[in-house]
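Multiple structures are listed underneath, in structure tokens.
Two complexes are shown next, each including subunit A; its partner changes from subunit B in the first to subunit C in the second.
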Partner chain A sequence: MAYTPQYYPGNTSVGANRRKHMSGNLEKLRDIPEADVVAIMGHRAPGADYPSTHPPLKEMGEPDCPIRQLVEPTPGAAAGDRVRYSQFTDSMYFAPSIPYWRSYWAAINCRGADPGTLSGRQIIEARERDIEAYTKKLMDSEMTDVARCSMRGCTVHGHSLRLEENGMMFDMLARTELGADGNVYYVKNQVGIPLDKKINVGKPMSEEELKKRTTIFRYDNISYGGKVGARKFDEALEALHHMWELRTKWGFRPE
Partner chain B sequence: MAKLHTKKLFVRALTKKFGKDFDLSSQKTEYKRLGPEQSARKREFMEYAKKLEGKRGISFYNPYVHCGGIPLGQRQLVPYKLSGTEYIVEGDDLHFVNNPAMQQMWDDIRRTVIVGLDMAHEVLEKRLGKEVTPETINNYLEILNHAMPGAAVVQEHMVETHPGLVEDCNVRVFTGDDDLADEIDPQYLIDINKLFPTDQAEQLKAAIGKTTWQAIHIPTIVVRSCDGGTTSRWSAMQLSMTFIDAYNMCAGEAAVADLAYAAKHAAVLQMSDMLPARRARGPNNPGGLSFGFMADMVQTSRVKPWDPTAVSLNVVAAGTMLYDQIWLGSYMSGGVGFTQYATAAYTNDVLDDFSYYGVDYGIEKYGGFAKAPANLEVVKDLATEVTLYGIEQYESFPTLLEDHFGGSQRASVLAAASGITCAIMTGNSQAGLAGWYLSMLLHKEAWGRLGFFGYDLQDQCGPANVFSYQSDEGNPLELRGANYPNYAMNVGHQGEYAGISSAAHAGRGDAFACNPLVKVAFANPALVFDWTDIRLCFGKGGAREFRAAGERSLVMPAV
Partner chain C sequence: MVTIKSDTESEPVQVEIFPSRFLSPETTQKLLNELYKSGGIVRMMIQGPNLPRTVTYGPGKGLPIEEHRNLLVEVGGEVLELRVKVGRIRLELEGEEFLPGIQAACERALPFSFQIKRGKFFREISTISDYAKYGKDADKRILGLVDPRAKKESALAVLSEKDSDKKEER
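What follows is the complex of A and B.
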């Protein structure tokens, strides 16, 4: 019998969205040109050769190794690419994704990826051509809203701050801006270096759309535990209680 | 039992920080990007740096050099209200370098050792046949308060320290024996009966019994020039010389070695343990300070015994400043970032609000402090309610979320409030710790984010370290400390653990959390830092109203 991963409990939209992110079964909402993704990442000029840290694996005369026979190298590893990153900040005001779910997405769906999770940012590192492909997937998919998520390699401050009056997430370095045409433009790359040209990444989602697609539990949308005086626990919370209790009892080991 | 607070304590602080014109519930605002000039303190820094640049002959502080010329201050730079006080200071004023009260708090710890007198008295009486009486003890203490600051006894033509530089040094004794205490000259006595509420005094005297101890606080300037490892050595030398003088001993007789051994090893209680070689610190440095000792140093428990939440909050303040700002932030890491982790726990009445909410909820449900059974169901109930309450506040007040702009800040505050609540209501520190860990897991699951890589690690595995007393897997919380394996390099936790340790005992009405000697020694009214109100003292330091010891200006040209 084929195993179907369940990924996450709960019948709420947040639970369903979390399952989608983990499964990688994501809706594609936009198609940002590869060259633009590369420019925003800022590691190499679009069209430039990939810098490498070692020759292609085929030329390296690798040892006879059962693991190497089992695991097919990613394109970036096969070519000898250096390891590079993309890092995103997601606003707590209903951004579609949240750091741990970005990491789960990467860990489950991206080969050769090294995700790292913090509160205000989430990084994925991989061989350069691999991370470019993963980043494009992220930016094109429903995991991204162009106003509430942005690629920020440094000075990421903003995930928990109030929004700008136009609904954009605060960015000290002002890497993105909302154009008069209603589209969001990257004007700086992820570490804040000005781009040669503005890059159009499309229109932001409406508040309604954000609340439908978000993976964050909030009392003013899909609540995790109800409100003061009116507690109602989501199944995700009950599952967590169960897990905490088992971890605690394991440590106690009264025998 | 009466309820102790009205809710939303942080709203007043937010109004003071962001101004009356701000809508505290709005999720949007105009970012004016006013830069560092919007802060009086940053302006002062820039002006000072400019003045000093010519003198230094090298470039200096300039907030415009980073991020391609975009300085901090793109958002509103807001001040901080010290929780439970009226002090409002700039964030910069809470870095320990800018805050003399914070420095003094740490200095007061590392310059302290507690040394038993009974062993020395036995040597004098049984080995040398000398008589020890209250009169000889008073005479000894007079000589000791001359010698301990760095003055000579017995010897000729010695150098000595300037009294104006070492005025903070003093030695007082305490005992559980009321008869002996009555005979001690009051200037040399830490009077347990006067300083502690009656029930606490009885507990302390019963624990100390008929033993006698010296609370020794060597000069601040000495530990600032050397380190905490110096304290027992400095004190032992002066103790030995004083015994020779007070009891007319021969300076070279073998019994002096016994007295020195007692003072340095056999009868000495360091404030913190030595660390292993890889961390390379001697005793009386912050890394070896147990949470229980930290809890006992703070004296709020004797001035506000009716309010265990206030007791815990002051221990959290002391602990976060020492463990996060000074130990992890400077000894172990370096830089300035760690102050942000710590301040979240003692400013703007946020942790106060969440903790008092939890205690109110617990009192209503379980009937009083330490009345709830210490089991997983109770912990689950309390920690879940407090965490969800706190999360709701962050969601309802966007300026509150903005104030605690880092996930580690929010996680520490939510988990600390949960842990404090569980500990106070059950009177059990392990139950408090279990509440801490549950809060961390709930928080991460609700928002999909917690702290940072290393921060989250210990909290994900932490529940397995609760209720376990096997030494490499558990340990009573009071005996864990900054160098406990799972806590050793983890900001935003240790001060809160100290607070949870104290919460359990304050909830039970205990006079001390871990060691009665530490509790009494830090009741010494002559300490420079005010150990009864940690946050008030930090506020004074930030407002430039606190006078620390260890000053050198007496022997330097005026600025």
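What follows is the complex of A and C.
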């Protein structure tokens, strides 16, 4: 029988969304052109060659190593690309993904990636052409809502602040704006350098849609314990209590 | 010795208006004018995250942020430049009788929910920073209105010179 990984417990919609994010089995909601993703990331001009830090692996003559024979290099590693990053900030107002789930997604589904989790933002580092592909996947999928998530390489805060009047997450560098047509536009790249043209990333989700897709447990949507007033807590909270108990009493050794 | 005040004399009260969203410059102007019209304001402070004029950090450091320039609001005939995204407004009122007016002004100006809290939001005693900045005989109404590092000239506006009706704003 084939093994099916069990990523996260619980019967709530948040539990189900967390499983979806971790498994990488995500719905594609939009298709942002690759050149636009590259422009927002701001590491190289769209269409330009990839600068490299070492010659392609095939030309380097690698040592005889069983691990190297076993593990196929990613396209970026094979070509000798630089290591670059993309970083996202997610609003605590029902953003679809949150830093830990972005990291789980990256660690489970992306080869050669180094995810870093911080309180209100999440960074993924990888070889340049790999991180571009991963970032496009992130921006196209249901892990991103264009109003409540935003690519921010620096001056990232906005996660725990109130929203702007139009429902956008506050951005100190004004990288995104809500157009009169209801679409969200990136006007600057992730570090605040103005783009040559505005990049349309589509319409934001409605409040109901966000509450349906979020991975954030909140008292005013889905509580960690599941249905309020139920006889039993949701399995997610039970599992958390169990892990806490094991770790506190004996040190967590999942074996 | 205990001094008993008469019942008719009202004590100043301090309130904080906390909207559920950050205010745009247009809504800020509307709200401040409504508050100004409702009367009884001794002093007022607006607070929120900074809106820098230039990128402060990273590869784009020093680039201008055009969106944050010339955010002007007109209150009581005075034009002020907004330097923060307004998220909180603190007021000192001449007395409790002005509270319903503040509530009504917020209801008229804000298209979303808000909270009005009563409390003590401005300090009365001069700190060392205040002493260094304003000197020994500082006007007590200035205390607690601006950030210790902010320049008084750009962060403070006096909207009325009348002693009994002096309004200040950051």
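Assume the second predicted complex is superposed on the first by the 241 of 255 C-alpha atoms of A that agree within 3 Å, B and C clash if a C-alpha of one lies under 4 Å from a C-alpha of the other, contacts with A are read in each partner's own complex, and residues count from 1 in each chain.
Simple rule for what comes next: a contact is a pair of C-beta atoms (placed from the backbone, for glycine too) under 8 Å apart; a residue touches a chain by one contact, two chains touch by 3 or more.
All values reported here derive from a predicted model rather than from experimental measurement.
Engineer: Following the overlay on subunit A, give me a clash-or-fit verdict for subunit B and subunit C.
Structural biologist: Subunit B and subunit C clash in the superposed model.
Engineer: Should A:C65 be classified as contacting the first partner (subunit B), the second (subunit C), both, or neither?
Structural biologist: Neither: A:C65 stays clear of subunit B and subunit C.
Engineer: Tell me the contact category for A:L240 with respect to subunit B and subunit C: first, second, both or neither.
Structural biologist: Touch partner of A:L240: subunit B, not subunit C.
Engineer: Once the shared chain is lined up, is A:G153 touching subunit B (first), subunit C (second), both, or neither of them?
Structural biologist: second
Engineer: Quick one: is A:T248 in contact with subunit B, with subunit C, with both, or with neither? Answer first, second, both or neither.
Structural biologist: Touch partner of A:T248: subunit B, not subunit C.
Engineer: Taking the superposition as given, does A:L163 touch the first partner, subunit B, the second, subunit C, both, or neither?
Structural biologist: Both partners, subunit B and subunit C.
Engineer: Output check: A:A180 vs subunit B and subunit C. Expected answer is one of first, second, both, neither. What do you get?
Structural biologist: A:A180 sits against neither subunit B nor subunit C.
Engineer: Comparing subunit C with subunit B, which touches more residues belonging to subunit A?
Structural biologist: B
Engineer: Applying the touch criterion given at the start, work out whether A:L118 contacts subunit B, subunit C, both or neither, answering first, second, both or neither.
Structural biologist: First partner only, subunit B.
Engineer: Superposing the two structures on chain A, identify the stretch of subunit C from 4-12, 76-84 or 130-138 that clashes with subunit B.
Structural biologist: 76-84
Engineer: Using the superposition described at the top, list the residues of subunit A that contact subunit B and also contact subunit C.
Structural biologist: Touching subunit B and subunit C on subunit A: residues 155, 157, 161-165, 170, 172-174, 192-193.
Engineer: Show which residues of subunit A lie in contact with subunit C when the two form their complex.
Structural biologist: Per the stated touch rule, the residues are 42, 153-155, 157, 161-166, 170, 172-174, 177, 188, 191-194.
Engineer: Under the definition above, what is the set of subunit C residues touching subunit A in their complex?
Structural biologist: Going through subunit C, the ones touching subunit A are 19-24, 27, 49-52, 55-60, 63, 65, 67-68, 85, 87, 111-112.
Engineer: What residues on subunit B touch subunit A, complex-wise?
Structural biologist: My answer: residues 26-31, 67-68, 70, 72, 74-75, 376, 380, 384-385, 388-389, 391-392, 395-396, 398-399, 401-402, 404-408, 410-411, 434, 437-438, 441-442, 444-453, 456, 461, 463-468, 473-474.
Engineer: Please output the residues of subunit A touching subunit B within their complex, sorted ascending.
Structural biologist: By the definition above, subunit A touches subunit B via 18, 92-93, 97-101, 116-120, 155, 157, 159-165, 167, 170, 172-174, 192-193, 215-220, 224-228, 231, 236-237, 240-241, 243-245, 247-253.
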